Each structure stands twice: as C-alpha cells, then as structure tokens.
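These are the structures in question, set out in turn.
Two complexes come next, and they have one chain in common, chain A, joined by chain B in the first and chain C in the second.
And then the complex of A and B:
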C-alpha cells in the first residue's frame, strides 16, 4: 500500500512524514520547504506501507515546479490512499484541495492539523459532523506535538472513495436536520 | 463526478457552515509582534538588527573555535607531526599529501602553517574541519532558528519591492538565504518560483553572486577586513546583473501571494535534527571534495600544468583582471570548492595588494559554480544551465574588468 501526504504549503506534511516514518526530512515554518518528494516506510498492522511526503500545492492546477511535482505524484499513483493535511485555521481552502482529490476517486483521510492554532483563533470544528458529511475519516491533530497521530494511523483503513453526489446530499441533509432542530427548538 | 470551481466552493461553503464556528478573534501578543516585523517602518529596523545579530554571532562563534582552538591544534601539533612521520620529504607524494614546502636559497624548506603547506592532509583537513566546520555549524543553527520561528516569509514581504527590480519577488529571499548556507539547496528551492524566467534569473544569480557558508566562513577567518568589500561587490553585482537579466530574459515576473505563518516557538528536537542533517551532509559531500580538490591542485602543480596555465593566461589575469598569474591554481580549486580556493589565495597573499586580493576573491566567487552546484543545476535542466553559463562568462569578464577599472580609478590597482 502507498499513502501520499498532500495539502497546502506549510500545513505540516513533513512533520507527519517524520512522525510516521521516523525519517528526517527538513521541517520549517515557511511555505515551500519541501520542493521534491521523499519516500519512507512504516508498518500498519503488520503491513509495510510506503509513505510519500509530497510538496505542498494549493490545487491540482500547478502554478510552480514544486506544485507540478505534487500533482504528477498524485496522478502517477492511481492506487494510492491520500492523507489530506489541512490547516484547521484555514479549513475552507484545505477542503477545496481535498474535494479535488476526492473527485478524482482517491480514498482519503483528512488530518485537521494545527488544532492548537485554530483554537488560538477561536475556531471550533465539529470533526464528527464533518466526517459524517464527507463520508471519510476526519481526525484532529497537532502534528508537532504528536497529538492525534495514532488515531490517524488507525483510521487509514477506513479511507474509501466517495461519490461527490453523496457529499452534496449529506450536506443538504445536515442543514435540513439542523433547521428542523432549530424549528423544533423555537416551537 | 467532477464539480466546477464555483460548485465546489458552494459545497465547501455549505459544509463549513455546518461544521465550523468562528468565535470572536482576539488580537494576541503574537499577532502584534508579527505585524511589527512586517510593516516597513518597524520591520526594516528589526530586519537590520536581526542581520547584525546573525553576523556578530557567526563571526565570534566561528572565530572562537577556529582561532582559539583549531589553528593551534593544526599548526602546532598536527602539521609538525605529519611533517615528521610522513616518509619521502621533498618527493611528489609528500608534496601532495603533506607539504609542498618552498625553496629558499636552493634548499627545500617546510611550511610553518597549514595554509601554506597545500597538502591534502594538512591544508585540506584544516580548511574543511578547522575553519569551515565551525562556520557552517553556527550558520545552520541560526538559519534553523529563523526558519522555525517563521521569520523568512516576513523577510520576503519586506524585500518584495526591491526584488521586483531584478525580475523576482520577495519569496526569492528563500533560495537566496538558503544559498548563503550552500548553493545546492538554494538551486533546489528555486522551484517555489512560478515562471521559467524567475527560476532562470534566480538560479543564475545564485550561482554567480551568492557565496556559500563555507566560503563566507573562510573569508571571515582569513581576511576579515577585506570581506566587507568582497560582499559589497557581490551584492552590487547581484542587483546590477539581476536588473539587466530582467530586461533581456523573456517571460513574466508575476506578483506573489504568500501566507505569512504565525510565529512559533522552535522545537529543540527539530533544530537539532536539521543542523545535524546538514552538518552530516557537509561531512559526506563537502569534506571529500575539499580533499579531492586539494589533491588535484597538488598533482597539477607537480605536473607543471598550473604554472603553464598561469603563463598562458597571464595576459588575461594581469591585463584584464589585474591579478597575478598565480591565481590560476586557486581558480582551478574553486571549481571543486570555493572555500579551498579562498584558502589557497590567502596562502599567496604576499604576491598581492589588498585590492588585488579583493578582486581575486570576487573572481573566485563569480567565475564558476562549484561542482556540486553545477550538478544540481544540470538536474534542474540543461538548457537553463547552458544559459546560466553563458551569462556567467559575460559577467566574469564584464564585472571582473569593471572591478579592475574601479581599482585603476581609485589608484589602488
């Protein structure tokens, strides 16, 4: 099995990579630290799994060489699973890239990283509800501190391709049930 | 099923409305510091202070270990010991490995220090371990701190306007600063620039004008009072030729958008890992090249090739650049390692005036990227490499001649 770590620049992909594989790729606090991919290995439930630290990209339409490497990596590995690393304090843009990858049919796990930064900014994310809407595992993490990494590994097996139509339906349902609940509360 | 961009954003909007609550945003101390270091009025003084601090720590740390420890170790113990025990004094192997010595009144005499001996085991090891190693350890330690705190993107924002003049944008500061450590990761980092034009300009400027940490370290130790001038010539060259390249290279130089990340407390473990990795890289890649460079130059001296090249190119060296023909040897060494070349220039410093030394070191810096950088540029594309080499040839002759001319006008060359 092969797992790609994908996400925007400077969301912590290399931190996950080092945590997962025990490798030593460079981690820094600026976008564009990783400009080429690095491969490493880890064991999940006895199986050897190859992990790839992919350069950061904002979307699947590359705008520089590092992003070209990222998109090519995704397209060369049609059978890979993807850990979509999202900066929890900038969740919408992260979801945009995640949606693009979901639409291409890849099985996905979302790591809502930097939960601490989001909390500093008073942003609260209902990970459970996000998981129900998207139909894929969503795990809150603080990668530099190692929080949530175990759960992330454990949930990788639940990653599966989902149909965008289902997500649209779930999102609509979710808002309906909420308005229903609101109406009930008002009454 | 694939969505259009608009539909995708609509869906994400809906999802985030269901799952995310945004509380009141509080302005924290971190934000305040963040803003102070980005706004030009306060940011520029802070940047200057940081650079100055960087420089002072670099100089005193490297000086402490090199002059206070390694110079004594190598000159007082290592060199005499090797001179004593290595067999075949005066022979070619002895000259290459230990001490090329000198001839005084017809007699072979041994060198008195590790710079003048030119041997692989003496000069080579001294330059690599005694001078460059302390310099790059402290350089990488401070670079790692700046990287992990999150200062680099702020420096990028501050320098954006200036770097637009040379066809780049603020983020070009990342490859530039990385190159000050070693040009190889600097060249790799040009991938974060958007257009071919920007990557070409950046790569060319890095290869020509940015001295690496090893070279800065050895200059700091051997010629501290000339280094300011050398760096000034290099910085001015960076901007003059960047400006010209921007005018003549076709292509776009777009604006850049950047996420300035929040400041973070650096993790000791990460700093340690990064510095450790880079220093390990130095041992594995750089030290063998220093020793190899030393050996090659030694062999070429023994075969008379360097004297021959020096004589053949004397009109260019003396007439055009205004430096003695003996700079031929260091220029050959510079292809393998710039630090070694500077050390060899310093060893023949009694042949040169200070101004000639400045010119010679600038030439060593700009004339050809070291072999590791060359290989990395080739990996990024042979067309770009050929283009960069063409620019380089023009720059060496134009700028080298200009520096000579300035010297003539100042009456010092």
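And then the complex of A and C:
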C-alpha cells in the first residue's frame, strides 16, 4: 500500500512523515526536475506501507514546478491513499484542496494539524462533526508533539472514496439539525 | 463602493464581487472567491504585494493579481 502526504506548504507534512517513518528514509529528485520529495516505509498492522512526502501545493491547478510535481505524483498513484494535512487555523483553504482530491476519487484521511496554534487563535474545530459531514476520518493532531498520530494511523484503514453529492447532502442535513436544535433550545 | 483590491486602503473591509476569469482558479486555493469578505492589512511600496486577511488567514497577492479583483468596500 502507498500513502501520499498532501497539503499546502508549511502545514507539517514533513513532520508527519518523520513521525510515521522514523529514520528509514531515501530522498530523491523527481525525474527531470530539481524538486525534492522524500519517501519512506512503515508498518501498519504488519503490512509494509510506503509513505511519500509530496511537495506542498495550494490546489490541483499547478502554478509552479513544485506544484506540478505534486499533482503528477497524485495522478501517477491512482491506487494510493491520501493523508490530507490541513493547518487547522486556515481550514477553509485546506479543505479546498482536500475537496479537489476527494473529487478525483481518492480515499482520504484528514489530519487537522496545528490544533494548538488554532486554539491560540480561538479556533476550535469539531472534528467529529466534520467527519460526519465529509464521510471520511478527520483527526485533530499536533504533529510536532506527536499528538493524534496514533489515532491517524489507526484510522487510515477507514479512508474511502466519497461522493461530493453525499457531502453536500450531509452538510445540508447537519445545518438542518443544527437549526432544529437551536429552535428547540429557544422553546 | 466598488474598488480594485489593489486600490484598497489599510484596514478597509469588503466583499469580493468580481475576479477576472483567468485568475479565478489560481486564487481559489488561497481562499479568495466571489462573495468572500476580506480585509486589507498591508500594501508594500514600489509595486509590492498586497496582504489580505480572508477567513482569519493571511494571504499575499501580487499587485498584478490584486488589480484583477474587484471588492465592494463596506468600511
């Protein structure tokens, strides 16, 4: 099995990578470019898993060489699972990229990283609720402190492709139940 | 009042009303889309980039990109 770590630049992909793989790492240039990427191996429940630290990208419409490599690596690994690393304090644009990857049919797990930084900015995210809306695992993490890494590994097996139409329906349901709860609270 | 993003003053807030079509996909990944509220925080001198805050996250845009975005300024 192959797992791609994807996300914006500077969200902590490489910290995850080092946490997941330990020291068994080879670094190489993507053929024909000078953009570095790193891959390594880890064991999940006895199975050898290849982890690839993909260069950071803002979207799947590449704007520079590094982003082209990121998108090409995603498209070359149609059978890979993706860990979408999101800066929890900038969740909106992180989800934009995650949704693009979901639309292409990849099984996805979301790591809401930098939970501590987001909390410092008074941003608290209900990961369970986001998980119910998206239909894929969502784990809050603080990668540099190792928080949430075990849960993330445990949840990789639950990653599955989801339909965007289902997400839209879930989101509509979620906001309905919320407004119903508000009305109940008022009465 | 409508203004180009590049013409906004410090601390001015507004909702994005127009983005030139060739730019739309490039800035969408940074959280800038039609209808989003943004606040201008810094403009660098000598045709430098424009910094804006969208949904609590800071982003900087080249002046040439900021010129292609129209904002309905509220205050």
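The rule is short, and it goes like this: the second predicted complex is superposed on the first by the 174 of 187 C-alpha atoms of A that agree within 3 Å, B and C clash if a C-alpha of one lies under 4 Å from a C-alpha of the other, contacts with A are read in each partner's own complex, and residues count from 1 in each chain.
Everything below uses one rule, namely that contacts are C-beta pairs under 8 Å (C-beta built on N, C-alpha and C of every residue); 3 or more make two chains touch, one makes a residue touch a chain.
What you see is a predicted model; the values in this text were computed from it and never measured.
Counted by residues of chain A touched, the larger count belongs to B, out of chain B and chain C.
When the shared chain is aligned, chain B comes close enough to touch A:65, but chain C does not. Once the two complexes are overlaid on the shared chain, A:168 sits against chain B while remaining clear of chain C. Touch criterion met: A:133 reaches chain B, while chain C stays clear of it. In the superposition on chain A, contact of A:124 is made with chain B only, not with chain C.
Using the contact criterion defined above for the overlaid structures, shared-chain residue A:96 touches chain B and also reaches chain C. Of the two partner chains, chain B is the only one that A:36 touches; chain C does not reach it. Chain A residues in contact with chain B (one complex) as well as with chain C (other complex) are 63, 90, 92, 96, 121, 123.
The touching residues of chain A, counted against chain B in their complex, run 8-10, 24, 26-33, 35-36, 55, 63-66, 69, 90-92, 95-96, 99-100, 103-104, 117, 120-127, 129-130, 133-134, 144, 163-165, 167-168, 171-172, 174-175, 178.
Those residues of chain A that touch chain C in the shared complex are 58-59, 61, 63, 89-90, 92-93, 96-97, 121, 123. Chain contact summary for the complex, chain B toward chain A: residues 1-3, 8-9, 11-26, 28, 30, 144, 147-150, 152-153, 171, 174, 188-194, 199, 258-259, 261-262, 264, 267, 270, 273-274, 277.
Of all the residues in chain C, the ones that touch chain A in their complex are 25-26, 28-31, 54-57.
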